[in-house]
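There are two complexes below, and they share chain A, which is joined by chain B in the first and by chain C in the second.
Right after this comes the complex of A and B.
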């Protein structure tokens, strides 16, 4: 793991310029608020970076709505707060010009499309569940369940406060491969358009003990299809070993998030 | 209770004989249309469901299953309900039964533990 640490840092430092605009139908009064520009970390989640956005826009909307849950859309598509920001960007990147213009809403929460997020605690419990699930796949849950509460907190605070060293001091334990040189299974999710994401059980090694590659994964998940794979805004070569990808290109939730295009 | 009709009842099975122990057993892959058996096990103070085994469409989400269980168990809006896989993590509400069965199904079914207060997650 340690030898390609530079990759981890580069991935961590990925940022996207976003232009937030208040939904024009919700503007109450004569003045339309200025858009709000922000550089947001690809690895974070929108509710962790949008406190300022709420503060900026809330004074321009109807007073009845000022305590409502804020939600975001891009080009008519509600943005799922529980997907990392970089995953949302990669999903819609074909239609996005930078800065990424996102519309802010306080009204008409799309119940069918989004999960409610009333507080940061909702993000925290979702994030920790993902970490636990990933560890079930990698180590049969043995690493995460042997950690202390303070380690769990450190992972969360590292992500929330954008502290690479704080996060990786604990996350390296989740990336360890004791004894054999690979995880049991590779935690990953594949996203394609508006379809529900796909998750399958895939080992990092073949029956013969050879390292499986990204191409092997795609062949197992999408047999007989030729597809392109994007993650963190790049298209990793198809011969990249899955074990290496899992250790270096996973999001902080310990999953690989792969956006699939035909 | 539209969901109630869609979830088809199957013959109840004895939970004691089908334990979680057989994690390494091969899982039969469902075809796209074939329903998946889920097995709902109460934990802690949770009320027991009279029918524990249900066949659900593979694209059904965890959120919809929680919604159905809340009605079935007559929980009021203040009561919480938590679902867990492998007694280890809470799946996301938008996660599908198909994904979970493929990754965590054992013995031809997906076991979900439920409780009214956070247990493992």
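Right after this comes the complex of A and C.
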């Protein structure tokens, strides 16, 4: 049961200062727009926090492009909107100084690198599909399928509006382990550079019933490699139990997102 | 579990992480909602 409220609060309140600037090649006219500075939640997704960015920059680009889909890059790498913001930061953090400077584009959408996101509904749909997938892994889908539509809405609105209590009032049900001490499998994704993320079926307990740790997970996913693991901007100790990690360090989509460095 | 070394270390690292935000307090918050937003079907 995710009952360590002190940790849950700190995870929820993770923030990043970002400096958004318009791609200089897209500036139309004599005036270059000022950068736009914003404090963004690590747990959110860029399309949920960039309405103001679009409004700020759209008046400075060519009128033909003003209805185009906005996309972002950091240091030449297109930022995947369907990764939580904190994951994107942790992936590139070795090269980032705060504030994190991100370039805003309205032109030349990188079709090969990004999927389209025309609206918040696309983010909601993706977010809910992750929650459902995580529940399949943890509870054979028994929790999420017994929820009502209003519970699904409350999860989404809690994330969208940055409301911890609203979100956790429902999310605690997804973190329960009735009758057992652990989930069936641990929902996690491992990220390494530009490679697609990795997922494996990993149980939180050994065959003997002992609690597995982060080290056990790493040994199963990356055998014979010595790697560092970052999540939420920290390196959790390798002896942290997986079940506790899943309950306390998962993102709102109910997955652990682990950034791997050699 | 509150006193387990791994939990204490995680807590300390999270607190240390947030010290990097000192100096950026005047940044506009991306999400500012004064109360719950309620939607629903009648």
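Convention: the second predicted complex is superposed on the first by the 260 of 262 C-alpha atoms of A that agree within 3 Å, B and C clash if a C-alpha of one lies under 4 Å from a C-alpha of the other, contacts with A are read in each partner's own complex, and residues count from 1 in each chain.
In the analysis below, contacts are C-beta pairs under 8 Å (C-beta built on N, C-alpha and C of every residue); 3 or more make two chains touch, one makes a residue touch a chain.
Everything quoted here is computed from the prediction, not taken from an experiment.
Visitor: Quick check on the superposed pair: does A:198 touch chain B, chain C, both, or neither? Answer first, second, both or neither.
Guide: first
Visitor: Going by the contact rule set out at the top, does A:162 touch chain B (first), chain C (second), both, or neither?
Guide: In the superposition, A:162 contacts chain C only.
Visitor: After the superposition on A, what does A:66 contact: first (chain B), second (chain C), both or neither?
Guide: A:66 contacts neither chain B nor chain C.
Visitor: Going by the touch definition up top, name the partner, chain B or chain C, that contacts more of chain A.
Guide: Tallying touched residues of chain A, the top partner is C.
Visitor: Which of the two partners, first being chain B and second being chain C, lies in contact with A:244: first, second, both, or neither?
Guide: second
Visitor: So, does A:10 touch the first partner chain B, the second partner chain C, both, or neither?
Guide: Second partner only.
Visitor: Could you say whether A:49 touches chain B, chain C, both of them, or neither, answering first, second, both or neither?
Guide: Once the two structures are laid over each other on A, A:49 reaches chain C alone.
Visitor: Once the shared chain is lined up, is A:37 touching chain B (first), chain C (second), both, or neither of them?
Guide: The second partner, chain C, only.
Visitor: Once bound in the complex, which stretches of chain A touch chain C?
Guide: 4, 6-7, 10-11, 13-15, 17, 37-41, 44, 48-50, 52, 98-99, 150, 153, 157, 160-163, 166, 232-237, 239-241, 244, 249
Visitor: Help me check something: in the complex, which residues belonging to chain C touch chain A?
Guide: Against chain A, the touching part of chain C is residues 1-2, 5-7, 9-11, 13-15, 17-18, 20-21, 24, 27-31, 33, 36-37, 39-40.
Visitor: Considering only the defined contacts, which chain A positions touch chain B in the complex?
Guide: 80, 82, 115, 125-126, 128-130, 132-133, 136-137, 141, 145, 185, 196-201
Visitor: In the complex formed with chain A, which residues of chain B make contact?
Guide: 59, 61, 63, 85-86, 88-96, 99-100, 102-104, 120-121
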